[in-house]
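Quick one: this structure, given as structure tokens, is what I'll be asking you about.
Chain nomenclature is as follows: A, B, C and D, assigned in order of appearance, with residue numbering initiated at 1 for each chain independently.
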Amino acid sequence: MIRVQREDFDIGAELDRLAAGNPRIGGIASFVGLVRDFNLEAGGDDRVSALTLEHYPGMTEKKLAEIEAEAHRRWPLDAALIIHRYGRLEPGDRIVLVATASPHREAALAACHFLIDWLKTDAPFWKSEETPRGERWVEQRAQDDAARKGWR
Amino acid sequence: MIRVQREDFDIGAELDRLAAGNPRIGGIASFVGLVRDFNLEAGGDDRVSALTLEHYPGMTEKKLAEIEAEAHRRWPLDAALIIHRYGRLEPGDRIVLVATASPHREAALAACHFLIDWLKTDAPFWKSEETPRGERWVEQRAQDDAARKGWR
Amino acid sequence: MSVQLLYFAWLRARIGRGEEELELPPAVRDVAGLLEFLRSRGGRYAEALADLSVVRVAVNQDYVERDHPVRGGDEVAIFPPVTGG
Amino acid sequence: MSVQLLYFAWLRARIGRGEEELELPPAVRDVAGLLEFLRSRGGRYAEALADLSVVRVAVNQDYVERDHPVRGGDEVAIFPPVTGG
């Protein structure tokens, strides 16, 4: 299941819903991305007071659905969930939730890792940061590309 | 932080608390283990109506603290949490929560995976299942041992 | 033929608009040709598209390479590498 | 010397108790010796400890091998491989 929304989400409620009524599920792995108050690439010097996430309506949903389908092809998952927010967010705010549920711990953990890695390189979102020196578009990290290629 | 308790826990509240007031954190990875209504090893044939978790009070807390400390040594984590329940649980009930928070996505994901793998082989808990054929002590899975050794 | 163009992130900011319908000359047959045509319009287009190594393109909501055909009615989106998650 | 013995899971169930204080003969110096001594008590002990390959031991709340020393006042726990998580 995928959702692209401006509003915040409730992690506990989302994970409960993922497993609800399915006692085959033995494990739920999840990753939550939060807005940091600094830029990792800038060495942590640059304070970030807010983030604006732009996306490509239509293609975003299409890509997230493809990524989710790929995870289902690769692992025995009973359920998967991707929620990604857009709009203006402040440090500590939730950006993204990926979660996977499976009878098997290893499948849930690997698929969750896979989903966030693929999402980073394949979902059409762009971040712009508000810093003391003005607005700045975040640049893609080489590590993200490498992480994505590791799953081929 | 570690907790060994009979009571259930609230995943959303626990993860919120883990990152609260620390805007350096960019990601929270977590794994929740649930009671399945069948035994994986028995090929899924054997229905499980309940599980009783026995543990070794004192050593459990010691081992969980050691496992958590080891994760902090290996990865740049801002916070880690292990909650493990004991007592009688039914299918769908939460057994365990491990969660890790870091500025770095990769660190959070790897450390979370590590924690649950180590916990499976090193934390002194034992499961007994209620099945139509009576109570049965769960046997250790060879895969768990292999997963643990993969982290050396 | 005409295509629907979409721009995102700093490409949108530099070009100064998020979308436009554009009539393409018949010589434009693929993504490479489209990018060259846009650059040839000069001004903000030439500036925004100065370094094509940091430009990604999707046709009808799929990532494509430069040799992908562009046809009338296509939705062509031009943007920098993605940075979500 | 006397040690505090703890049993868990099916070892507890088969031996029929969760803990006991036991006076050990002076010949018992390590975990292997302790396990042999317990088996020599026969009955439920011999039965529960028939297959030592599925028995794990912790001394003072640390996993130990069979050659680990056992000293007076130690807390020695005997149990099957763990299955939590």
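Everything that follows uses one rule, which is that contacts are C-beta pairs under 8 Å (C-beta built on N, C-alpha and C of every residue); 3 or more make two chains touch, one makes a residue touch a chain.
Predicted model only: the values in this text are computed from it and were never measured.
Trainee: If we look at chain C and chain D, which chains touch each of them?
Mentor: Touching chain C as well as chain D, we find no chain at all.
Trainee: Looking at the contacts, which chains touch chain A and chain C alike?
Mentor: Chains touching both chain A and chain C: none.
Trainee: From the centre of chain A, which other chain's Cα mean sits the farthest off?
Mentor: D
Trainee: Please work out the Cα centroid separation of chain B and chain C, and write it as a whole number of Å.
Mentor: Using C-alpha averages as centres, the distance is 49 Å.
Trainee: Let me have the rounded angstrom distance from the C-alpha centre of chain B over to the C-alpha centre of chain D, please.
Mentor: 27
Trainee: Please report how many Å separate the Cα centroid of chain A from that of chain B, as a whole number.
Mentor: Centre separation, chain A to chain B: 23 Å.
Trainee: Mind pulling the residue numbers of chain D that touch at least two other chains?
Mentor: 85
Trainee: Hunt down the residues of chain A that sit against at least two other chains at once, touch-wise.
Mentor: Touching at least two other chains: 33, 105, 116.
Trainee: Determine which chains touch and list them pairwise.
Mentor: In this structure, the chains touch in these pairs: A-B, A-C, B-D.
Trainee: Touching chain D in the complex: which residues of chain B?
Mentor: Chain B reaches chain D through residues 33, 53-56, 58-59, 62-63, 84, 95-96, 116, 119-128, 137-140, 144.
Trainee: Report the residues of chain B in contact with chain A in the complex, numbered from low to high.
Mentor: The contact residues of chain B facing chain A are 10-13, 15-16, 19, 23-38, 40, 91-92, 103-106, 108-109, 112-113, 116, 143, 147.
Trainee: Any idea which chain C residues touch chain A in the complex?
Mentor: That would be residues 6, 8-10, 12, 58, 61, 63, 77, 79-85 of chain C.
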